[in-house]
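Before anything else, here's the structure in question.
Order of writing sets the chain letters: A, B, C and D. Residues in each chain are counted from 1.
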Amino acid sequence: MRRLAALGSLLLALGLLASLPAWIGNSYYVNIASQVLLYAVFALGLNVIVGYAGLVSLGHAGLFGIAAYSGAILITAGYGHFVAIAGALVVTLGVAALFAVLALRGTGLGFVMITVALGQIVWGVAYRWISLTNGDNGVSITSRPAPFGLSLVDANPFYWATLVVFLVAVAAIAIFVASPFGASLRGTRDQPRRMNALGYNVWLIRFLAFLFSGLWSGVAGLLFLYYNQFVSPQTVALTASAEVLLMVISGGTATLLGPIAGALLVVIMKNVASGYIERWNFVLGAIFVAIVIFMPEGLVPGSLRLWRWATRRRRQHPAGPAAMAPVPHGSINGGAQ
Amino acid sequence: MAPRVGRRTFAKRVGAAALAAALPMPAIAEDKPIKIGLLTVKTGPLAQGGIQMEQGTNLFLKHRGHKLAGRKAELVVGDTGGNPAGTKTKAQELIERDHVDFIVGPLAAFELLAISDYVAQHKCPILSLAAAEDMTQRKPNPYFVRASGTSAQAMHPLADYAAKELKYKSVITVTEDFAFGYEQMGGFQRVFEDAGGKLAKKLWPPIVTPDYTPYLAQLSGVDAVVSGFAGSNPLKFMKQYKDQGLTLPIIAGSVAMDDALLKSFGDEAVGTISCSGYTADLDTPSNKKFVEGMVADYGNIPGIYAAGLYMSGMVAEAALEKTGGKTDDKEAFIAAMRGVSLTDTPRGPFHFDHLGNVIGNAFIRRCERKDGKLVNTTIKTYKDVGQFWTFDEKWFLAQPVYSRDYPPLKG
Amino acid sequence: MSALEVSGLQKSFGGLRVTREVNLSVEPGERRLIIGPNGAGKTTLFSLITGELRPDAGSIRLFGREIVRVPSRRRAHLGLARTYQIITLFQRETLLHNVMLSLLGLSGLRWNPFRRFAQQAALIEAGRAALARVGLLDMADRPLSDTSYGERRRVEIAMGLAQNPKVLLLDEPFAGLSIEERRDVQGLLASIPHDVTIVMIEHDMDVALEFAERITVLHFGEVVVEGSRAEVVAHPKTREIYLGE
Amino acid sequence: MNLWLLAANSIAFGGLLFLLSAGFALIFGLMRIPNLTHGSLFMLGAYFGVSLISWGVGFWLAALAGGVGVAVLGGLIERLLLRRLPGAELAQVLVTLGLSFMIADACLMQWGGDPISIETPAALRGASRVAGVAFPTYRLGVIVIAVAFAVVLWAMLERTRLGAMIRAGVDDPMMARAVGIRVPLLFTLVFCLGSGLAGFAGVIGGPILSVYPGLDQDMLPLALVVVILGGSGSLVGAFVGSFVVGVLYNFGQALLPELAYVVLFLPMLVVLVVRPAGLFGRSSP
């Protein structure tokens, strides 16, 4: 019965997502939806390393941006989209491997700081290696790919293509997390020493997870490139790394829906709410602070907790325990060990 | 049953029809307002210029009673956050959701470049003060109009003035390490060297440079220093320069000595010579009205950001008057814009070249203290300055765009 | 051939010589007890044997094979398992998941990113068997955070046993347990077949002495006494260390 | 190129960096909180200074008052928010970044977008000649202030009861609690102190940096680099790190313009990769 309900709501969600352009109306909102999806892929990718490996990266915009830059440069050089995409992902994985080797020298805050430094170096290179990146002017591309002959120029087909990539990402990450390797990864997050003593190669597990995270960051970077048809140093800035990290944390780390909710929150605030609220940056900051106060574990797990608490309370006595829904302590301490 | 029409209603209708027939086209279209999209930056480090852009636009609409060519004018503002991706999204919002008739803004070159192709695809006219040279040169956008000028447009006359009137033989240039800086100094270099001057060094501090001392330590052995800083950097640079006890004269580009920035400067700015396509002290009726309005409404002496948007508004207005208030035919609308020739604007008379870039005055000013306040006083006006200066357009466009390494340093 | 042979083992932290010179030989199937006052270097010795710490000098042989240069995680694959004095389990997971992780550590399946971990029949079966051995089968699906301290101690042992080790190192398995729990664990340890060699650190002399065949007394990082129960108890050095005589 | 000037300025800029990062290091050392509002507190202090000076308050008093104002805010942040999140690093990141968004936007609302210059105090205007080299007098003052603060902070940590408690709290919070130190109060005090230092540094930095939207984002990475190069959380580390960064910054920008963007982050990366705990930090975090 429960499985049936789960299947039903999954199908309903899929149907809603697929038919979104039909009922959302304006192409502007369809584009916003595409952005939510592409940032959700990015956040899901980052969550692999932040949520499941317990390693906080503040340099992932570097990987995202390297994929976008590589794609843009290959396309500008005259290669086809297939070569550009494949090439960009290979380059991204190569750089992710280098990032991982360096960053995994540290754990906890050491890891964070190494990723900050790496991200800043990528930013410096993007800014300064003008012959390759065109400096602060950035690189424009004029076309989007046409898979199976379907043009992605218009908002709707681009949305559907992004949706397909998004669904593949969600499925891949869901399978990954539930797999024996995913269990091993979560083990290295919670008890790295113990895992080592149990026979696991903790370093290699983290390394591979970093590559997997980098791969999805790269895929998101390519979506970003094709969406904007433009990439510039701001794409790889520290603020961009911080932004996607905020998506992951605010939505809820180590959950599948959390990063998606976080991407939705940030993209909507930045792009839609900013049209109505002049001081949207202040409001966004206030929302983050409010999340920490009321749902320190993130929006998705926090809402679930409140929901469970509310329904249990209703089922029990109306005057049940008067205390607030208990906030689990340290439930989102990431890099700590 | 036929609908009853009362006498008074009938009279009104006839009157309205008669009025409509008597007036030119705009009045007919009056029921549907003209929608103007403003792309600007209201949050983050670039907000300084962005807020002034919005002020300039608001003041213009206020002066026109929120009516252009007889049609009601509506402003939709998009905050780009100062980044290219945000600019793209806001441009989509303005074009696809709000269906604006044209866009004014954005502020920075990298913002404009991120949406250039997009607005061209949607045939949306865009009037920006972002100074990227190639937008009206090697990669022109047919829907683009620029009433402020290219990066180098004020630097060419500055170099001319420095070499011929100030008789400087050698200079060091210093400006931020980004395209706007390269283009400014490239333009300066070409004209200065043609006039027999020499660039000893070109220094490029990163945009974020809290302390300029590593660059100040390299400023010696020349007649003057050319500064092309933008945003809040001119303030930091000039102050640190003075504190360091350096005494070489400074000559500056338009935004480095922007009139709106003067209230933030101290004595270190006195004596600095700069060149700009707009100057607050220009004595024209429309500039007087503009400056007084800015002071009254916002308490600010305006600079090129507010003036650029005010003038963009004037260009759009003049074009609308030519098309009879119609914007449906985008090609006709943009052609009308590029054909605009105004005589009384805050920067004096100007018109556009065939690429959509302004041809107008460039003002050489000296910063002075008057009644306790810093002001830029115009000391020379170069008339009808275009983006190609005195160079042949064909030759100019055959050269690479000004960059960090082009023109290369001699010797 | 000894199951575990340690010779000339040394380890210093900064200037502090925690392990001065340890020589130890444990026969296959033996139950060895290591005792010593606080700071004697007992847990450090375990960490050196499992490779979590790198010795400054010395040799460690597992069934004759030199393992001092073998990475810690490989030693698990060679049949060495340990439990921890301070419980290091996976708090958010179920008991079964904990034990399955222990099993997975030695399985090639641990690299598999495609299959469902929760549906690995072989691991589940072995995990349940290990839990059954420590009497926790009925709690298999309970999250670890819902269990008592004594139950966690038993999960620790179950994780050690699940790996089918040849040599099992138990670090204070009775610490913090109630009298009944001690009896349970005691019975559990007694039921471990003798093809598993066990080395145990323990403070509780009553249970420990009953369990051990031979005893090693460690003091200031050195083996001071070694022998049968009676020998060690009678040895003047033991009395000196423990009773300050 | 004037190398003596670069050398002298390495010390002066290092002094300013020390004032900026000492508070960050203290908070990080004791509480293990990466306080990402630090840049915002620096900027806020500077803006407080601007307002106070515009109301006629003298520069030095404005600097102290700016520091106190920010210290109070820091105390509130600790009491109301960070107090709830011990050990939850991700939540700390979220809340401190959220606050930095709020502070940046609030400053934009209150003080507008135009850059504001803080006048150099009259006595320290212009340049002095030191060993034949012209050097801004005010920067000599900054060196003196930085060294004085370093000595005072060091003496406080090493010589006073409060310092002893802080050191105990850094070494072993559980033990400190066990021996009766009121660790929560201690945390609030240290957070106030660290924040106040940032606010004070903002005003002191004003005559050099001026105040503008984005100052926060410009300064936070510098504080990070100093603390990383110096070693996490030790005052001596922050002191040495500041001057190391001062030297790297001045000579790197002047002599290696091609590497201007990575002149700080490349050494930071190398140090982290070689010694993940920083140059002077303890070996395990």
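By our rule, a contact is a pair of C-beta atoms (placed from the backbone, for glycine too) under 8 Å apart; a residue touches a chain by one contact, two chains touch by 3 or more.
Since the structure is predicted, the reported quantities are computational estimates derived from the model, not experimental observations.
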Contacts common to chain A and chain B (chain labels) = D
Name the chain pair with more contacting C-beta pairs, choosing from A-C and A-D.
-> A-D
Would you mind checking which chain's C-alpha centre is most distant from the centre of chain B?
-> C
Rounded to the nearest Å, the gap separating the Cα centres of chain A and chain C is 41
Which whole number of Å gives the spacing of the CA centres of chain A and chain D?
-> 32
Between chain D and chain C, distance of the C-alpha-averaged centres to the nearest whole Å | 48
Cα centroid separation between chain B and chain C, in whole Å?
-> 75
Touching two or more other chains in chain D are residues 104-105, 217, 260-261
Residues of chain A whose C-beta touches two or more other chains = 127-128, 279, 281
Identify all positions of chain B at which a residue touches two or more other chains, and write them in rising order.
-> 43-44, 177, 206
Got a list of which chains touch which?
-> A-B, A-C, A-D, B-D
Residue ranges of chain A in contact with chain C within the complex = 175-176, 178-184, 186-187, 190-191, 193-202, 212
Please name which positions on chain C make contact with chain A in the complex.
-> 50, 52, 72-74, 76-77, 81-82, 84, 88-92, 97, 100-102, 104-107, 109-118, 120, 159, 163
Residue ranges of chain D touching chain B (in the complex, touch as defined) = 1-3, 5-6, 9, 13, 16, 104-105, 108, 112-117, 119-120, 125-127, 134-139, 207-210, 212-214, 217-219, 222, 249-254, 257, 260-261
Enumerate the contact residues on chain A facing chain B in the complex.
-> 26-29, 31-32, 35, 127-128, 130, 135-138, 140, 142, 155, 224, 228-230, 232, 234-235, 270-271, 274-275, 278-281
Residue numbers on chain B that touch chain A, as the complex places them = 42-44, 78-79, 81, 83-86, 88-90, 92-93, 96-97, 109-110, 113-114, 116-118, 132, 177-179, 206, 403-404
